[in-house]
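All chains are identified by letter, namely A, B and C, in their written order; residue positions are counted from 1 within each chain.
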Amino acid sequence: MFRAIISAEILQDAIKAASSVVDEARFEITPEGLSTRAVDPANAAMISLELSKDAFVLFEGTEGEIGIDLSRFTDILGMAGKSDEIELKLDPDTHKLDISMGGFSYTLALLDPSTLRNAPVVPALDLPAEITISENVFKRMIKAAEMVSDHMSVGVQNGIFVMEAVGDSDHVRLDLTGSDLIAITPADVKSLYSLDYLSDISKGVGGAGEITIHLGRDLPVVIQFEFAVGECTVKYVLAPRIESD
Amino acid sequence: MFRAIISAEILQDAIKAASSVVDEARFEITPEGLSTRAVDPANAAMISLELSKDAFVLFEGTEGEIGIDLSRFTDILGMAGKSDEIELKLDPDTHKLDISMGGFSYTLALLDPSTLRNAPVVPALDLPAEITISENVFKRMIKAAEMVSDHMSVGVQNGIFVMEAVGDSDHVRLDLTGSDLIAITPADVKSLYSLDYLSDISKGVGGAGEITIHLGRDLPVVIQFEFAVGECTVKYVLAPRIESD
Amino acid sequence: MFRAIISAEILQDAIKAASSVVDEARFEITPEGLSTRAVDPANAAMISLELSKDAFVLFEGTEGEIGIDLSRFTDILGMAGKSDEIELKLDPDTHKLDISMGGFSYTLALLDPSTLRNAPVVPALDLPAEITISENVFKRMIKAAEMVSDHMSVGVQNGIFVMEAVGDSDHVRLDLTGSDLIAITPADVKSLYSLDYLSDISKGVGGAGEITIHLGRDLPVVIQFEFAVGECTVKYVLAPRIESD
């Protein structure tokens, strides 16, 4: 059983976050809320999304699993204004998802969860450095790096957060210290990541205000943000690229 | 003889309405105003547009007919700001249309009306149901249906205006009653229409505020709106699709 | 040696002006400022750009020459907000250009100036007519002409500035007198120009407010504007097309 009412803006932001990494996802329903963990086809990027029942205006759910085509779902949610409310209801007979908003009732066919990849385990990582920056700086950093290369390194050196992207001829670097950072737990770390994935992830980040980055030495990066007054948590894990030189 | 001055916004809206169904149209000039009736190449959709002389700042016309390439005309009108005035003058010698606005004088070659299809007769239809909704609801309804299917049914059941679109897997439905409708003359009717045409028509609808829909049972729909303080009337007639099942 | 600080808006406008005619340009550095003269591959259009040291917040330069890929430079400058400051510094060792703004440091590889075409000589032209119009009228004039033809004539007749474009079937004309012109030095002149080039040039014109056009009889046109309180001067020279009739 699943029936829920939620603000369009929160649901749109949550689905946007997931669809930046995967096209289809299986969502787990529990009495505590809705969540998904999914990994991209190349096994390089993972998303873990938790939407607490407190993010909803109304939430009634018992254990269950549904598979969603995220691009169809995004199209439908796009019909709602940000301040509208959206009602979701799982039809137990047809096993379709009824979506109502502003007089419209959509019936969305669900995907068979057993045909979707198993939810990955979020790896236990020892990432000593933690940096919090504004969403705006995060997006500009990735855009800046994309202009010169297809991968970028991020790290911490002497308490300074450093991004660097090296192209065939040009390169770009960003050094952030003190007041430019919202918070930093320094540690001497550095890893290289693919900008294809980071660019997708930066499209999924919205409404957060701030982003926390967990870094290690040649380890996956964890990029984390919250919205809906902390009731929605999004965590991306992205595998490093091996530096070749 | 034809010479007229009109606000750019009214003329732009009128030509946009016509060009959503046909690329070329023959306009009839009388002392009472300008009008056109045109049918799309597949004979499925028809537009009837009447621009009364009172919609103009100045209107001088005797009986005549001109053929216009609507996309060229749209491009030229697009050069005017909404609050500009546009002067139209038929040159009796060259049989071209002189268009003046903001210092610019365009000379637009006209099409030979005899090469254009005959103006269709607006069919006499007995459409018992009449629904008036806001332009905004009309456009959202069509956009919503397009997301799941290529055709949509509209009808009235027990005084409720119902739109429904059924795709291969998903479907969408809109029920409008009471306060969501501006006006309704109920009758038990329902027909199916192609969304290709409805989508084009919804692009032609502008500045109207409200739209009136005349419906029958498996009959053409008449979609009607007015602007320019009622001095411009646009009427679309769209043939039904036969439901196959 | 070259080091300079300049407002992003001025540098963006200057580079946009140059890149509307050429993709790569060699810039001359002197203690007095930065300048470039470049001609398009077909030798039809030329740009001369002078950015005085007074357009900069800080300017330190000795004689030198640098070659710049304008589209890469435009991309990088696009990362800055209009009100940001941009610092440029020529690295004497690597001969790359360091570009800093808002915490980001870009290193842009320069082109070898010797591989770029020689700076053309600005031709000495005796152009008796001079017309000053607003940037807005200039852009609309070119857009209007493009709708009917691929070339347009401009001239002065009896103190009236006349633009005319004649297509296969349609034509457009603009007559500007008295108050529509900011200034005019009349002379009986007329020349024909390619709209491909004028369209590119009109994209390069920005922030000027007004444009001065110098015209002769079947001679190149000089299109000139200034910005940054007169400290940046842009001059386009465009060769005429021969009228064939």
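Everything below uses one rule, namely that a residue touches a chain if its C-beta (ideal position, glycine included) is under 8 Å from a C-beta of that chain, and two chains touch if they have at least 3 such contacts.
Here the structure is a predicted model, which is why all the values come from computation and not from measurement.
Participant: Think of each chain as a node with edges to the chains it touches; is that a line, ring, star, complete or other?
Facilitator: complete
Participant: Can you give the rotation angle that fits chain B onto its twin chain C by Cα atoms, in degrees and rounded to the nearest 5?
Facilitator: About 120 degrees of rotation relates the two copies.
Participant: Return the distance between the CA-based centres of chain A and chain C, expressed in whole Å.
Facilitator: 44
Participant: Give me the residues of chain B that touch two or more other chains.
Facilitator: Not one residue in chain B touches at least two other chains.
Participant: Going by the contact rule at the top, pick out the chain A residues touching chain B in the complex.
Facilitator: For this pair, the touching residues of chain A are 72, 75-76, 79, 96, 102-109.
Participant: Quick one: in the complex, what on chain C touches chain B?
Facilitator: 140, 143-144, 147-148, 169-176, 180
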